[in-house]
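Shared between the two complexes below is subunit A, which pairs with subunit B and subunit C, respectively.
On to the complex of A and B.
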């Protein structure tokens, strides 16, 4: 009994230390882990994969530094996917903080393609293949306004160019020219896209969200309002797996590398929950 | 080991360690990092809004002669009457306009997206059975969802005492709610561990260079 009592009174700092160890060790000594792709992620992948040549994809980068570990790998994988398929991409943000992160994602992915390109046609060129629209507050204004005219809402792009002079924007006028919109957000922004852009203009919406918000979003996937759902680091790892499996895209898998750490950390937490419960019931029986 | 040469990575790593030190106990390193975070975040937001909203959208056009912009400028400035007790009631004007606008825009859209479409998704129809992508299991999942929704709603019906049929349905409703809470807790754990992993990748990868 004393042993159980001691277990239930472990100093929280020891638990933190153990948790840190089980998270760090798989990073230093990687263990290969099979990634099982779930249907919500596959739906998102297929929705992006089947975008027609005359339509565009909008990626709404709305994650902040604290959400980066979960959402950044999704953004990178989606940009890789879209550029591999030569899909026209519009990138935008609805809040200020994500602007630099969206810029960083583009700065990482565009050179990956351009360093391999052998001709102008192979390259990913700003204004022709993608446009970074930047940010326009408050969020409701661009969501509703882009149904009428994207260049009216974003008169200048992130770099200060007039958007109506950009080649890509001559064919992408409003939601009528957009086949899919993916919102990468830690908050409720994907639901705003559903409520305003989808209800009024019929845009297909998919989302990449943090694990914490997953519970709120699953009902919208079941009802068909989301065309796909990617949840947290595990969802990002599944998307990376699909990229490798279906498009033979071999690159660093930032989310996939973390799965062993997630698994061991979860097992440790489960162990402590079981120990805590056993201790609680044994103490209660003693009373 | 391949230590970073970029001083910004060192600053980021040391601030991360300072924040983590709170796990041991509250200390001056943690407090310093916390104050830096709050100050930098606010400074960044204020300067960004000034340079990207107030100056290009309001002040520049106003000084170029678009006098109509005086109206939003005055309405916005009324927020500051909060600091003058005698006229603090004027703050209700911008608050009222903001609430009125957002309520008008969001109520119809919210009802459509979060109530009507969700009710449609709960109806036992062949289209909803197929939406699960689970073959004939889709029927079972739809029935479970249907029962779950009704029982959870009945749990929140407080106009009658939970006796008889209502007692049974509300008890079943609690089971569904608990499953929902369990799933939410599991996801929260995964989210927090992912954030820890992100920081550790930064420390061991970008800073110390012991992982690629």
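On to the complex of A and C.
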């Protein structure tokens, strides 16, 4: 086989093997990466950071195992941020599949704080500092219904407690008591929050999305309908960087650790595109 | 009647869906709240039961007829019943009436989800990276000026968003962000307007009964 033909016909197994190597090796031997924080993430951080004491934050965990590597680090970082600032947090899902992942995120973050806590006031307590509302189908019901009454939509929380008996829910009645809603989703759910919750009730929305779906959300950031936008694992790494820089939060950075793998995987894909194009042009010139 | 009644229902609810956004009258708002909070929930519950029933019927039928790949239907049916029983009676983290632990081996619904569904789902999606690499190598060609522009923009954004971009030049991440903030937004907004107007026209056609293909029957 001629050299030009080889350039345009690399066996897919070689591509797979190389991609696997450049993804796995940086995880085993990490290289420190400097993270530059971009304005969409900083906006989201500031929106969460400035939530007033009497208002709450809603985090809509709507990612599935498929998008978990990109979106879970955002959820963890936001919970850490909110609990550090003692912001009241309501967690919910619009679909059934993410419930287990939202539960896993809470199971990881709450003990992190409680293991360090020295008193009841320092601790993160269910019902006082946060509530896991669970899931109510179809998505339109909670999105619109929470504008009138959160406890009417979620009569029981994820664990079966009556929500109107929980301490936190006595002060957080509807969107009027919510300063920011963050939707972590790989789909178009953040746009539904804008269309229904924001247009009708004026609630501020920010979102965390996967890299491939980011293009759909930039127009909403530019128009101010999104108060912040976190894109993919790089965006999550930027949020972790801000947590460390501004709140001196030193913990394992899940997204930051993966940046080397992402860098090398992107470079490998670009290299193959360049090789393919060189072969293509050489072939065309020959014809 | 079989076709007229659904059309009337759709027209009524279609118009009623629009009204609360324009009329703040308490009667309209109250009715809207009833439809959303009560009626929609009841319909959803029925739809859920109907969906699960239909899924099971389909797979039992496949098993009965030994249709193509019928052994997989057994897997679906068995896992459906096992997870349903554990989920219904075992509680979320194993605090229900059904014991969900044998010695140090837990099998509550959260453990099953985290240990089986999460790795399976993540693996399926992770495979995409390999297919994408192979596909972009084969298909991403600078055949025309437009394709070259697209390729160049993709390269700038890919390098710009990575930490490497900042090392190459401090201006590169800002340039990548500019591509996302302006040319991308301009294109997306144009597409968005087109989709919205097309959607609006289709919705009106459905509400007014001009578009009836959703009724089925091939008419």
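Assume the second predicted complex is superposed on the first by the 286 of 287 C-alpha atoms of A that agree within 3 Å, B and C clash if a C-alpha of one lies under 4 Å from a C-alpha of the other, contacts with A are read in each partner's own complex, and residues count from 1 in each chain.
As a convention for this text, a contact is a pair of C-beta atoms (placed from the backbone, for glycine too) under 8 Å apart; a residue touches a chain by one contact, two chains touch by 3 or more.
What you see is a predicted model; the values in this text were computed from it and never measured.
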item	value
Touching partner for A:272 - first (subunit B), second (subunit C), both, neither	second
First, second, both or neither for A:38, with subunit B first and subunit C second	second
Subunit B versus subunit C as contact partner of A:117, first or second or both or neither	neither
Dominant toucher of subunit A (residue count), subunit B or subunit C	C
First, second, both or neither for A:135, with subunit B first and subunit C second	first
Touching partner for A:16 - first (subunit B), second (subunit C), both, neither	both
Subunit B versus subunit C as contact partner of A:219, first or second or both or neither	both
Touching partner for A:261 - first (subunit B), second (subunit C), both, neither	first
First (subunit B), second (subunit C), both or neither touched by A:27	first
Contacts of A:280 with subunit B and subunit C, given as first, second, both or neither	second
Common interface residues of subunit A - those touching subunit B in one complex and subunit C in the other	16, 19-20, 23, 39, 66, 68-69, 137, 140, 144, 200, 214-215, 219, 222, 231, 234, 262, 265-266, 269
For the subunit C and subunit A complex, residues of the former touching the latter	21, 33, 36-37, 40-41, 44, 48, 92-93, 109-110, 113-114, 117-122, 124-125, 129-130, 132-134, 136-138, 140-143, 151, 155, 158-159, 161-164, 166-167, 173, 177, 180-181, 184-185, 188-189, 192
List of subunit B residues in touch with subunit A within their complex	23-24, 45, 48-49, 52-53, 102, 105-106, 109-110, 112-114, 117-118, 120-121, 131-133, 145, 180, 183-184, 187-191, 193-201, 204, 210-212
Residue ranges of subunit A touching subunit C (in the complex, touch as defined)	10, 12, 15-16, 19-20, 23, 33-36, 38-39, 64-69, 97, 100-101, 103-104, 136-138, 140-141, 144-145, 148, 152-153, 158-159, 200, 214-216, 218-219, 222, 231, 234, 259, 262-263, 265-270, 272-273, 275-277, 280-281
Subunit A to subunit B touching residues, read off their complex	13, 16, 19-20, 23-24, 27-28, 39, 66, 68-70, 96, 135, 137, 140, 144, 191, 194-196, 198-200, 210-212, 214-215, 219-220, 222-225, 231-234, 252, 254, 258, 261-262, 265-266, 269
